[in-house]
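The structures come next, written out as structure tokens.
One chain, subunit A, appears in both complexes that follow, with subunit B as partner in the first and subunit C in the second.
Showing the complex of A and B:
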């Protein structure tokens, strides 16, 4: 009898909202392909070093400045370092930093944005003017100066900390906008009417409803973080030798652009592929989370 | 004499705006006894919802509230938010108008009921879950053991409103404020929800303030009635007395707007015009421009709420004339074209 009732009540097949979103994402072919590429790069950059015969610090002195071959698929530099190992190491560092930056900036952005959007009034004005102020200062210069000034400069975690601490403005604005709309919804008032404390309303009741745009913005901020990290390392203000990052590699080998192009192109192409893939995944997520999106992209 | 459960005395609510102050509620007083259903009627913007939000302590910080709201002798007005939170949901609870939006779409109904229970009672999750299932059964949801894990979008409007009621009564409040709980539902579902509320009141002896703009809905369930217009109470009394001998022309107009057996084939009443702006109130009776009985006396000063019968009060300077008229219920028919 129970099942009969259930059938009557649920004439339509119920799909949870997460499954709907996943379905829509999977239909976005470019995003799925990009996600595959990303996962592949991510896994090889972590585990590839265990399998690959060369370490990024190791020198193969019998093969100096060699173009790509079966032994060294990405070639070697003038010291005999294997470019594949170096690029993988660089990609690993770049992805690690970018993920940290994205996590940190999303956390700060969500906290500040939700508080500003929920409380409005002078709290909102204060937080948002501070956000505007930070937006007017070029991130590259500020982050460069900070990491140049302090002792921790050059270590990857310090760079991630600085970049994350300075790049939350976009997320904060998005979250604030979502909260301004969501706080007027009746379920928020209903929660207040049963005596739910304010912080719980903000983080347990409203925040989950704003998760879509937050995930999209966090994903897209990974691409931005990789580019900024690359730029900083290229300028010598980010990751420093003997550690490696894609930006540092491009910077180190730009002189060889004419004579030994493989030294420059492989890390460069990695940067482009990673950033493009992240952006496509972000695009796919945006489409998946937006129910107003009628057009299905192939 | 029995101490009333809820006593609202001289409640005023103002909203200061740039171009003047909105006087949303003016001098509202009423009492609510244990186990009683009190109906509050009036058209949109007459202060019904603001009154209920003031009782809940849910008005925005910009609102200027004065007067007294006492539940079981404890004052609500002027309390700190943290203290109010302990009262809300525990002693007074509220059902909102639209069940489609008053449930959080990202959580199961069980999560939301359990939260309501655990907000006020120190209870393990397992016991709270059993309580949630009992509550769903109490409000008439079939298969509560299964439905507890369903999301709001998997319920129909009427079923959602039942869930909303279950959340509101989760901590057995003394007073339940139902703010137009059936307005967004269709008529058959509306009747079921009213039955459910009646049954819960009988089983738990809670008092209900039932806010609506539909007098017909109140007829079967409320014992007393409060008619509000432009932020004030204009007539109040036992429901039979108000229905049979309305003394305020506005109440007569509202009653005449309900379709009944006897009105079949004839035109329903229509109160022409619109309520006055709450920023610029009239010097006299606020209903005067729309009232077919209005005379010069009505424009000079606002009539007081005076007794017109047993427990029956009305704010109309011509209440005695209305009482003397045999055909008082037809006053709007003659004035309409």
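Showing the complex of A and C:
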């Protein structure tokens, strides 16, 4: 009898909130499939270059402007560069930049949002006006101005820094909202009453409870970052020539669309697939963290 | 609303700081062979590069307030150039935005009311695709398939057997599915699937046939244009002139429409769901109000409130989208203006500043409009 009770207790403990969330996410079939696709693209873009026989700068001069074949599955361009290697290299750069942007913007957003939401008052007002200020100028314009001019412009990490440093406004607003609601709750009051230091209240007591929306917005911001990065590179304001990016590839080969369509299709389709999977994963995470949006009551 | 002025001031200070510290406007001149120090010095004085930050800012701010926004590197006033660019861009953006708002809200309402229906799933999927489409790629695709291939087709219209069969299956199948659904919901008698398929196919066939007749008797030339913002030679008659604008604007409008439509339909759907789950809607249903009244008066009106925010936030994305779209379709709009002033061949401070300031001012202006719309939609704000 006693052992059975202990068993039940144990079983209940195992179903922690994270496990419930994971379970809910795994039930979202589209999101799981997208995650698989995403991991596959991620791994091939990083390790594929080691296995694949062609380098992205290498020229196969006996196969110029060839349509897709067994030797070159994505075809070759007019210099004999292998399109698969180029696309993988571009995807690697784009994913790398987008992940860094997402990490950076989430960190900044969480810090500024939690400060604004926890302390309220003039700090909040100041930070939020600053957020409004950065929102008045479109990200593409601001990032384009900066990354075009500086000496570091054109290198991937500089672009990632600029985009990450300028795209935290959404996260900051979300985190602030969560903090404004959570700081009034009893457990925070209790923590304050027994004298827990402020930083510990913010990071140990409030932040874990606001993690859901943060993770969702960080995931979705990857898709946004890829779109902005590729657009900047397309316009010639982002990644530049010796390096490669999916946006740069589309820009380089757009004139070839009519005659050699494979040069145009593959980089673009890669962008669409990556962004689509990221968006589906984000959607699945949202449903897993916040199952409130159920079927409407009739 | 008072916040607008300090916000605009802060935005101008920020952009001025960025533009001044980013690159040398005389870079191209400096590397040119055979240019003496004196010429460079004179250029520096002419452009005010030798003055301290505060003085440069106040000179620029003065020219901004008085209207011509300073002179560009070649000594021409900036404002007239920017204004002609704004006219093109605004025409594009406003039409696309109005279309996206109308269609997006309608789709969002239906998606919210009929959650998890086939309609909901398919429209959600489409908006996810639009969310993930890189603008520049989509615009290039449209250029080839929406214009070049479509114009080819207009010149010698014809449909291959394969396409005809596929179209028949697709249209007939979707109508059959709708009929089947109605049958299941007991809105139609048994066998409705077949009936609906028949009706759908014959209607589509009729319209296709009449369209084919219409096309056959007319000379379209290469109707859909891929380059330029308007016909080079304006036609005499009013109707032809409108057609000219339509032919040039069609594809860019589609691109911008796709950018903002996805956001509107998704947010409207979510907002609608929230309202439909709210107690006041339940109450309205319990009172026995008709379903259309419940949806339009009680749910839709309240669901619009968060959309006002989304609409102002989407403005930035729309401007960015317009920059790219205009680049692809070679419009002389703000996008062209921006890229030109950034890199032709070295940055042109006054042009850049004017561009960023106008964008920021527009954003702030739209925020004010959103506040007004809030007050109009939300009785709680009106009461204050």
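FYI, the second predicted complex is superposed on the first by the 278 of 298 C-alpha atoms of A that agree within 3 Å, B and C clash if a C-alpha of one lies under 4 Å from a C-alpha of the other, contacts with A are read in each partner's own complex, and residues count from 1 in each chain.
To be clear about the criterion, a contact is a pair of C-beta atoms (placed from the backbone, for glycine too) under 8 Å apart; a residue touches a chain by one contact, two chains touch by 3 or more.
Quick caveat: nothing in here was measured; it's all calculated off a predicted structure.
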Notebook entry, point to check: Which term applies to subunit B and subunit C once both are placed on subunit A by superposition, clash or fit?
Noted result: fit
Next item on the list: Mind working out whether A:140 is in touch with subunit B, subunit C, both or neither, as first, second, both or neither?
Entry: second
Margin query: Quick check on the superposed pair: does A:272 touch subunit B, subunit C, both, or neither? Answer first, second, both or neither.
Written below: second
Check: Which partner does A:223 reach: the first (subunit B), the second (subunit C), both, or neither?
Finding: second
Margin query: With both complexes overlaid on chain A, does A:259 touch subunit B (first), subunit C (second), both or neither?
Written below: neither
Notebook entry, point to check: Of the partners subunit B and subunit C, which touch A:195 in the superposed model: first, second, both, neither?
Noted result: first
Note to self: Applying the document's definition of touch, where does A:132 land relative to subunit B and subunit C: first, second, both, or neither?
What the structure shows: second
Item checked: Touched partner set for A:247, first subunit B, second subunit C, both or neither -> second
Check: Does subunit A have more residues touched by subunit B or by subunit C?
Finding: C
Next item on the list: After superposing the two complexes, find the smallest distance in angstrom between C-alpha atoms of subunit B and C-alpha atoms of subunit C.
Entry: 14
Margin query: Can you tell me which positions in subunit A touch subunit B when the two form their complex?
Written below: 2, 5-6, 9-10, 14, 16-17, 185-187, 189-198, 205, 208-209, 211
Next item on the list: Going by the contact rule at the top, pick out the subunit C residues touching subunit A in the complex.
Entry: 3, 7, 10-11, 14-15, 18-19, 22-23, 112-113, 115-116, 128-129, 131-137, 140-141, 144, 148, 270, 273-274, 276-277, 282, 285, 313, 316-317, 319-320, 323-324, 327, 338-339, 342-343, 347, 352, 355-356, 359-360, 363-364
Notebook entry, point to check: Mind pulling up the subunit B residues that touch subunit A in the complex?
Noted result: 56, 58, 81, 85-90, 93-94, 96-98, 101-107, 115-116, 119-120, 142-143, 146, 150-151, 153-154, 164, 167-168, 170-171
Check: In their complex, what parts of subunit A are in touch with subunit C?
Finding: 129, 132-133, 135-142, 144-146, 148-150, 223, 227-228, 230-231, 234-237, 246-247, 250-251, 254, 257-258, 264, 268, 271-272, 275-276, 278-280, 283, 293-298
